[in-house]
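Both of the next two complexes hold subunit A, though its partner changes from subunit B to subunit C.
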Partner chain A sequence: MISSFKKDRLIRVFFASNAVTSIIILGLITLFLFKEGIEFFGQYRHELERYRKSGMEYASVITAQHDDLTILYRYLENILSKETEALESLNGGGLNETNNNDGTKALLALSRKFQNTKEHLLNYEKQVVKWAAETKLFLLTQSDLLEIKREAINDSLAEEDFPETIDQLSNRKSFTHKELARWQNYFIRNNREDLAKRINPFVGTEAGTAKEGEINNLTQFIKKSSLNEYPAVLEKQKNEFSSIFTEFKPSFILPESRKDFANASKALDEYLDKTSLYKERLSAWDPQKPYPLSRAFTGFLFGKDWVTNSARHDWFGILPLFSGSLLVSMIALSLAIPFGVGSAIYVNQVASVREQSVIKPCIEFISAIPSVLIGFFGIAVLGGMVSLIADERLNSLTAGFLLALMTVPTVFTLAEDALNNVPRALRDASLSLGATRWQTCARVIFPSAITGIISAVLLGFGRVIGETMVVLLCAGNRIAIPDFTTGFGVFAQPVHTMTGIIAQEMGEVEFGSIHYRALFMVGIALFLIALLVNFLSQAIAGRYKTSY
Partner chain B sequence: MHNVTDTSPNTSIDSTVLDNEPSIRIRDLDFLYGENQVLHNVDLDIFPKEIMAFIGPSGCGKSTLLRCLNRMNDLVDGARIGNGTIEIQGIDLHDKSVDVIELRKKVGMVFQKSNPFPKSIYQNVAYGLQIQGIKSKRVIDEKVEESLRKSALWDEVKDRLNENAYGLSGGQQQRLCIARTLAVEPEIILMDEPCSALDPVATGRVEELILGLKEEYTIVVVTHNMQQAGRISDRTAFFYLGKLIECDQTKKIFLNPNKQQTEDYISGKFG
Partner chain C sequence: MSDHKNKEVNPFSPKLSREKVQENLMFGLFRGMTYFVLFCAAFLFWDILSKGANKIFEGDGLINWEFLTEHPQTLHVIGEGDEEIKLSSSNYYKLKDEKILAKWNLFAKSPGFTSNLSDLDNEMIELQKEWTEKSLQFTNAEFLKKERDNISNKFAFWSDLLTDINASARDFEVEPQEIPGLVSEFILGHFEKERSRLPLVETKIILFRAQQYSNIEEPSLNTLKEIEKAYNAFLMKFLRLTTRQLRILEMKCH
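Now for the complex of A and B:
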């Protein structure tokens, strides 16, 4: 009696523990993901603050302004190249090269002068970037030094040669290379190679304002230059532009060049109007103004750039990856739904037993093909076919096709189950009322199975958005938000995906770095999407469940 | 006048019914599922506006025969007629020119377990009309009301026509299925144990309804319940092991059957 009771209990415990273990592991994975990922926001905020404090933020405004000018310059170049071409054909293939048209000459001169004027801003930008890079280095060194100083205090290392207190260090405006070398030696003498390694006495570039052999906090130079040098550059630029444009006597060969030139002049006027905005923005720039934590959130969720290992600043915006994943998934689903549901209807409603016994295993076998092989096929075969209609072999279309292939079994199997669950009695009832097979299918069976089919589609979406290998191999891996203004051309653009970026970059990142945490955050986003999709599909299946 | 007794020794016909041409004429019918023969040599006539009951133990082939009458067996893999013919109003059911869809409109069917569609009450009744392409809401409205009245359901559901049919009780669902069949205006209604899943009160109402429908329709009922056959049918056919043993006036079958097997079954010696 007792032993059989104990045996029962043991069996019970065994099976219960199986269930509990999987739940615990799921919990641990969730916990781990969030623990590693959530620190990202704090770190990202620090990064953004450093971006501001160092002056890189300031530099990026000037870069944007210079980009505007470059676009203007392209206008002129465009007119020039058209004019030159027209001239050459007039002269019968360049026979009279020496006898150049005066108009073209003038245009060429204008373009040269424009470029020279543009240089003023470029040079100013270069200088600011130099200062900002120096400052960024200083800030990084300072935070490193503070950290290792804290460790030194914790480990009660002797203070000889490194007597500076935390306060002193955080108030410093510069560090000399000599000092850095001394501190490095100090840690080596104390057998702390690990800390010594974190000091590099040879860092720093010549920024023009720093003393030789020092790295400096040069933010005040940038701030000052926004009041003196920058307005001077703008003034000079404005004068030069107006003088070269008044000197210019337009005489064009092509009639449309006149219109193009008028457009260019108008664009220049607009640019000059806009400079006051830039000026305001730059004079309002305050390196000490803190970044709120919410900016780190929005910067991640709505950030349009994912830039890593950049000299200026790393951006971790999920939008280009998310939109890439979404685009590929939409392509895949829009193919997988008709194929999957269509073949489910055929197999369930029309096919003979023998057809079923061929079709079902074949479709189900697709899901057994290793995804890397499907990727091979995509690169070797499908890419070539796609390149007939698109510029590139590997783009969202290639990946979408392959993902559709991989999702058809999921959608097919679940949709077929849903159709199968519709009671035979409903079909009989419909047929006995004089409905054809297709009427029965469309009006009774399909609507009765629709909830099951919707959850099949949702689970298919979950499969697609989580698929990694195929998108990594075949999506083209260009990190940019797809350009939806190109209409159908959007499907032919290479994209990067959330799964792809994790697989590609996780192997190379430094453990615990912000890049590492950012990848974890992308993972969390994926996790939440999968959770949502699963929840929705269960909710739909549960809510509209009809009891037959 | 067609003399039924000559061709079918098991059948004797009341003189009032004899005046009519049979609505359904089954001759020498063999029916097989694959290699398994389930009906042997069945000869049977069913006359207009009568209620014919098929009785017999499970597996005797009575449901199979019923499903032959609107060719529902076409849907079963391997099911086929081995020999013989079924004529409905003089037309051979298995003639190539017969349109199954048209046939099923003419020969409606009510199933053992009520099987309304997962749609509203209104949609359930309107379905048969809609699939015929009838668009006019007025026509459909009228037909829905008429059918629900005929099936004695109108007063119970007229205020909730747009509610899901699954909210109805089992008996109401079955009457809804009958209404759905009536809406298509069949001439013959086949009923496959229509009350087997209902409680006695609901059974009583459905039986009443069937008796009322006799005025307009020819009805064939398969039933396990011999009292039911006694209560509602004009004539009863007794099947055993795929053979039609005896077919006669219901009273005669129950009080004074010709065959010993029939008597044994009726008196409950087997079954």
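Now for the complex of A and C:
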């Protein structure tokens, strides 16, 4: 009696310890995930501050302005190419169209002059980017020097030829390559190769620094140029644009070209009106203005760009990845729900026992197919089929189809269980009252099982959004928010997903870098979504359980 | 007529009411969906199995054992059009060896081959003898001397530059005050070259340069002498050590 009691207790302790170990491991994983990810915001804010302090923020405004002009130039080029095509077809017909030829030549001259005028801004942009790039390198060098100086102080290294204090280093506006070399050798002498490696005595020489043999903080140059050079460029552009458009005598072959040209003139006027806004924005630019931490949060949650290893600035906005994941999931669920639930209803309510014994294991077996195999099939076969209706082989539609196939078993199994759990009495009562089998199914059984079916759908969503291999192989991996204005065309666009980006980039990032932490933040976002989906499905299932 | 009337009132005749049509349609749709899912899964399996089986059963025998048992290899494609042959790496190299052997056999049968081979053998023996006579120790002693001569020439040149600063400035077309900086650059450049030339003592050279950095940065005639002396001592110490290691290696090889 006593030994059996002890045995029971031992078994209970064994299982309890297993459960506790699982919970502890899960807790540690969650803790690690949050610990690594949460530091991202501090680092991102620091990076954004460097982006502002270096002048890259200023340069990006000029780039945006130049992009506006480029769009306008492309518009003019488009009119020119249509006109040239029309002229060639006329000449091909043997007609002497001297007037039209002159008109096209004038349009060509206008485009060239437009491009030359556009280049004033481009040259200014190049100059600003060069200044900003040097300043960025200076700031990185300064931040590294401050860190290693702190370590030297902590390790009580002799001052020797690195006597500069933290304050002195913080207030410096330039470093010469000679002193950087001296400090590097100082650390080598003191057997600190790890710190010596962090100093590059030739920093900035590859791109060419403003002064030979040193690296400078050039934000003052940029600030000054916003008051002198930039307004001068704008004024010059305005005068040149007005003169080239006044001198141009329009003579078009195609009637729509006249309309297009009128639109181009209107767009140019709009651009010229907008320049005052750019001017205001640039003169208000303050490199010392701090970035609030909230900008790091909003930058991550609502940022439209995910750009890494950029010469200018790395952006970590989750929106393109989230929208990609959501689009693929929606396509997959829009197929998996009707097929999964429909199959569940058929198997549960209509199919014979023999049919059931074949269909159920077959559908459930789909979930046993390795996802890499499904992805491989997507690349090799389905991609080719999809390319018949879309420009790209690998896009959200390809990934969506395959994910739908992978999700059907989840939805099917859970929905079938939910239908099975509806008391038989309800079905019998409905049939005995004269309802048909379909009426019973649609109006009695399905509504009774709806909570279980919703729970099945939510778990299916969890399965889809967490799937990695298929989306990595088949979604096209273009990091951009899908263009929803294209209507159904949005389904044919390649996308990247949250899971895909982690799988693709985690192996290549530097440990502890901002990119590494950004990927952890994406992981946390996925974790929270999965948690929410599970919580909702459990809540719904709980309600379902209490109903009967 | 009466038959028709009877049929209408007959309660056992099958009725195709609107509800029944709807039921048939809906259940038909669900059946279609179910079998479509099964068809998709079957198509996927069939596609993978058929393409995979093609590879397993290709070749001369019933089963392609080479594919199942050998490591993944590069596919070699030889020839063009109808003469195109696809070979695995092992088969490709086997074929290559066979062709080389055939060519060799043809060559070995050519007149004068044996006498040429014996001349070549004699030449090899002479070379071997010469190589053994010039021991590694002898080469290293030479190397050390050459190094010392080389460094002494370099330091003499840099000292000359500093001795007559005005003449050096004229030669290099710079200001006289820039000459020490120029010498400093020359010395740093020398150590950079030494680092890549002597990889076995690279870290020691970096450490030596770091220790002498204040002298190198602002060189004078006195500091140059100090650096030269220190560098000679450095060469003696570390190059000797290195040569000793090489000697041990040489003995092991023999």
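The working rule: the second predicted complex is superposed on the first by the 522 of 548 C-alpha atoms of A that agree within 3 Å, B and C clash if a C-alpha of one lies under 4 Å from a C-alpha of the other, contacts with A are read in each partner's own complex, and residues count from 1 in each chain.
Rule of thumb we're sticking to: a contact is a pair of C-beta atoms (placed from the backbone, for glycine too) under 8 Å apart; a residue touches a chain by one contact, two chains touch by 3 or more.
Small disclaimer: the values here were computed from a predicted structure and weren't measured.
Chemist: Where does A:421 make contact in the superposed view: on subunit B (first), on subunit C (second), on both, or on neither?
Modeler: Neither: A:421 stays clear of subunit B and subunit C.
Chemist: Touch test for A:143: subunit B only (first), subunit C only (second), both, or neither?
Modeler: A:143 contacts neither subunit B nor subunit C.
Chemist: Which holds for A:438: it touches subunit B only (first), subunit C only (second), both, or neither?
Modeler: A:438 sits against subunit C, while subunit B stays out of touch.
Chemist: Comparing subunit C with subunit B, which touches more residues belonging to subunit A?
Modeler: C
Chemist: Check whether A:22 is in contact with subunit B, with subunit C, with both or with neither, and answer first, second, both or neither.
Modeler: Neither subunit B nor subunit C is touched by A:22.
Chemist: First (subunit B), second (subunit C), both or neither: which does A:338 touch?
Modeler: second
Chemist: If you lay the two complexes on top of each other, which residues of subunit A touch subunit B in one and subunit C in the other?
Modeler: 436, 439.
Chemist: In their shared complex, at which residues does subunit A touch subunit B?
Modeler: For subunit A paired with subunit B, touching residues are 352-353, 423, 425-426, 428-436, 439, 443-444, 447-448, 546-548.
Chemist: If you look only at subunit A, which of its residues touch subunit C in the complex?
Modeler: Within the complex, subunit A contacts subunit C at residues 161, 178, 181-182, 184-186, 188-189, 338-339, 342-343, 345-347, 350-351, 359, 362-363, 365-366, 369, 373-374, 376-377, 380-381, 405, 408, 412, 436-439, 442.
Chemist: Write out the stretch or stretches of subunit C touching subunit A in their complex.
Modeler: Answer in residue numbers: 19-20, 22-23, 26-27, 29-31, 33-34, 36-38, 40-41, 44, 47-48, 188, 206-207, 209-211, 213-214, 217.
Chemist: Going by the contact rule set out above, which residues of subunit B touch subunit A in the complex?
Modeler: Subunit B residues touching subunit A: 70, 72, 75, 77, 101-102, 104-105, 108-109, 111, 113, 115-119, 127-128, 130-132, 166, 177, 180-181, 184.
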